[in-house]
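Okay, so subunit A shows up in both of these, paired with subunit B first and subunit C after.
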Partner chain A sequence: MTTLRLIRTGFVINLKMVGTSSFFLLTSTVQPVIFATIAFYMFRSGGRPGTLLYAALGAGMMGIWSTTLFASGGMIQWQRWQGTLELGVAAPPPLTLVYLPWSLANTFLGAYALAATLVWGRVLFGVPLHLAHPWLFALALPSALLALGLFGLLLGSSFILYRHANALANLLEYPVWIASGLIFSLSVLPGWSRPISWALPPYWAARALRDAAIGGPVWGPLGMTFALGAASVVAATLSLGWFEHRARARATLSLT
Partner chain B sequence: MSGLERWFRVFLVGGVIAYRGLFNWIRPEIYIPTMLGSPLFQIVFFAKLGQYAGAEDTSFYVVGNAVQVCAMASVYGMTMAIANERWFGTLGPLLATPANRAAVFLGRGIPVLANGLIVSAFGFAVGVAVLGFRPGWATVPPLAVVVVATACSCTAFGMLLGSIGLRAKDFWFAANLTYFLMLLLCGVNVPLDVLPGWMSAISRCLPLTHGILAAREVAAGASLDSVGGLVWTELGIGACYATAAYGLFRVLERESRRAAVLDSY
Partner chain C sequence: MAVIEAIDLRRTYRTTTGVVRRRPLEVEAVKGVWFAVERGELFGLLGPNGAGKTTTIKMLITLLLPTGGQARVLGHDVVAEPREVRRRIGYVFGGDRGLYERLSALDNLRYFAELYGVSGRGQRRRVDEVLELVGLKGRERERVEGYSRGMRQRLHIARGILHDPEVVFLDEPTIGVDPVGARELRALMANLIATGKTVLLTTHYMFEADELCDRIAVIASGEIVGQGTPAQLKAGVADGRVTEIEVFGIGDAALERVRGVSGVTAVTVEDRDQRQLLVVQSAGDRELTHELLGHLDGASVGRVATREPTLEDAYVALVTR
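Here is the complex of A and B:
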């Protein structure tokens, strides 16, 4: 009960914070709509109008990734700047449990992106919203958000080792869009990049969503999404434990 | 020291010092991932998206994005070089000096312009190294001229955003939004004739649009003379933005003094 209350409170507080940040509203709604529009026009001029739903879903996933990357990647660094990191570390619950709801809230905000690009595509480009497997889509969407939220926790716990987490986030936005094939097929990428794609939760989450919406085997990608989400939370727990130990031993917790 | 010497000293030395102090991304550990890494992957992303969509050939995206990434230096760099004075609390002391305002203002554009050219050149190098873009050596000098003209107009546009940042509460929002809108509106990834009429009308008033058109023609083998009209139009648009930016800077300076809100948020 206490754990659930902790998750709920952390989730709501962080959602209020990131939900009122103009930067995160830009990455979660405006930016995906701009990228969706570019993709719509490119697909249209290239004679691929049948893939407009593909573009809308892809641009939405791009927005979810951007929000996760910037919000969760910089999560612990921002706590440090705001002077609240010590409070989080000193709190009785495990550090993973303290920051998990924050990461989930960040990814949940990213879901605005998917809603924005689907509505934008429907209203302006007449993209049909006929889902091949509506129930599986309803299952795939929260699963994708959960997996990316867990992956965000891993990002936050590992970015802490790099002093300029924001610069790292700037760097990693496009590569994951590319390697995860969020808006184009991996067939246009060289074969050696395939294992990188398979290791990324956004790749499987996007596949699960796309297959549920357009048609295709959903359960395999969905299983991989869960597996990589679980692996992320284990890795994040180890990483956070190591970070906490080092920070306490060297008395560097609050040093920016 | 004569008045002209003093002007140039404020313009050049002041511009470089301001850039070193106010450009947040100047340190290599931030500059490399942000100013080089991000453009690298942006170019690859749009080239691959274009390949998948079957819209245009790779050189279309390489040239468009390699020219556009100079806006990363111009938009963000110029915004920081002006608006950060207020953020860092140095705007008051700066405006208390008797230094010529035009020299203070315009001098900040020189390092930004140089940085824009470096980022753009890196973008073309990425196209050559990663995406098989082969423009031919003869096209390099005219392409360089076009990129310089485009970076100038982008820097002027950045000056306007920076001036707005002297009063606006959240200048990062405007800078980010502008950068992304440029990707859509300036013919970077979508040809102007594919965009709706109202969008292409806006794009013709923005920096980059004519520069990118000229760069694509030059990369395809056209002479500099044949794209002269586009280059002059790009420079003309830049001059309009620079004039508007300087005018806005002076108006906001006066209004901030009058309302005593120089450093307030």
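Here is the complex of A and C:
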């Protein structure tokens, strides 16, 4: 009960804080619409009928991934800048519980990216919003957000130790779009890159969403989304513990 | 059993220097510190900037791992049992940082209340209590970014005592706060002791330590150079005298000559606009004014005065030893 209250409070607190950041709001609002526009023009000029919803979902997932990466990566660094990272580390609960709500809230905001992409596509490009399996889509969407949030927590854990890890995180935006097949099929990538794609929650989350929307076997990708989400939270718990210990040894929790 | 124990506590920072060819650099910030704080005591860790006060406090509150020695809080080892320590302590850092600026004080306190397990019905009551205690009642719904330094510091204290910890660590809580605000904060600190808490306070303000602390450890260059009650520390220089000489343009050579005068135990120079105040401490009751002035050739001399030593003089004598 106490844990649930902590998660709920952390979630709400982060939404309140992000809600006051005009930079974050502007980026999160405008970026998905730009992604969507580029994707729609690309797919339309390809002249393949029936692929616009595929493109819309891919562009939406790109937005969710960007928000997750930007916010979860920036979250620890931003806490360090304002001197609250030490407070989180010195609090009694495990660090996973302290930062999980923050990461989930960031990804939840990414859901806007998907909604904006679909609405933008419907209004300007006439993308049909007919879903093949609406109930499975309703299940796949929160699963995708949860899995990406947990993956974001895992990525963010390294920021506890490394003060400049956000530079690395920024580099991960495009490669994950490509490796997850968000905007084009994995068949255009070399065969050796396939295991990398399989290890990424965005790949399975995007597949689950597309299969639920366009039609296809949803349960397999959905199961993998859950499994990788669970693996991410276990790995994040271990790495947060290890990075915290190393950060206490190397004195990198504060700026000074 | 002591509530806080530092036993030969050490911390070395390892970093690198140089741009092209990076060389390892080791800085020994704390070099074997010993002290024990008893239950209900307000213990001061007094020292100049960079003396190792914050490093020591960060090891005690589990934010830094010691590189040597041992520390226990309420019997729990700070390295082996960090969660046990964290649950039982509160800490307050001085300065502007360490608060969620874009949130209200109320939201800050609610969040930290959840982190420290102050949940349910008791949370609202406790948040109200601490807001009342620190004098922020009525302002709690305003964003922290609009708070003055003093208000932020009071909010820091509210956050630190929210979960009613047995031990409170205060790291330079009055730094940068105006005199009236600082006085209010000192009253607040005294109140913590009145409610039975054990407090470890770091400060470099002598009068603050003198006014509040039951016992003081003076730390300089990472080592404890003196320890005792304020009265005991003052007694260490009680048989001496202090000569203050206002000078204009004193040089290093003259300063060295003053330091070499027989009986002189400590010399400091305080810059005051165009002039300097030369503060010379000497042992015994011998009159040194004439001899000191004789060594200041080349410098214009203004007001000269002698006085009894204060705690500040005891501190200066200890840290410049």
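Heads up, the rule we're going with is that the second predicted complex is superposed on the first by the 240 of 256 C-alpha atoms of A that agree within 3 Å, B and C clash if a C-alpha of one lies under 4 Å from a C-alpha of the other, contacts with A are read in each partner's own complex, and residues count from 1 in each chain.
Please note the rule applied: a residue touches a chain if its C-beta (ideal position, glycine included) is under 8 Å from a C-beta of that chain, and two chains touch if they have at least 3 such contacts.
Model, not experiment: these values are computed from the prediction.
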| item | value |
| --- | --- |
| Combined model on subunit A where subunit B meets subunit C, clash or fit | fit |
| Contacts of A:115 with subunit B and subunit C, given as first, second, both or neither | neither |
| Partner chain in contact with A:30 - subunit B first, subunit C second, else both or neither | first |
| Touched partner set for A:214, first subunit B, second subunit C, both or neither | neither |
| Which of subunit B and subunit C A:2 touches, first, second, both or neither | second |
| Touching partner for A:38 - first (subunit B), second (subunit C), both, neither | first |
| Partner chain in contact with A:132 - subunit B first, subunit C second, else both or neither | neither |
| Partner chain(s) touched by A:175 [first = subunit B, second = subunit C, both, neither] | first |
| Smallest separation in angstrom, by C-alpha atoms, between subunit B and subunit C in the superposition | 11 |
| Subunit A to subunit C touching residues, read off their complex | 1-2, 5-6, 9-10, 13, 16-17, 20-21, 82-84, 86-93, 98, 245, 248-251, 253-254 |
| Contact footprint of subunit B on subunit A as seen in their complex | 22-23, 26, 30-31, 34-35, 37-39, 41-48, 51, 163-164, 166-168, 170-171, 173-175, 177-178, 183-185, 187-189 |
| Complex contact set, residues of subunit C against subunit A | 13-14, 61-65, 83, 86-87, 91, 93, 95, 97-103, 107, 110-112, 114-117, 119, 159 |
| Complex contact set, residues of subunit B against subunit A | 25, 27, 29-30, 33-34, 37-38, 41-42, 44-45, 48-56, 170, 172-173, 176-177, 180-181, 183-184, 189-191, 194-195 |
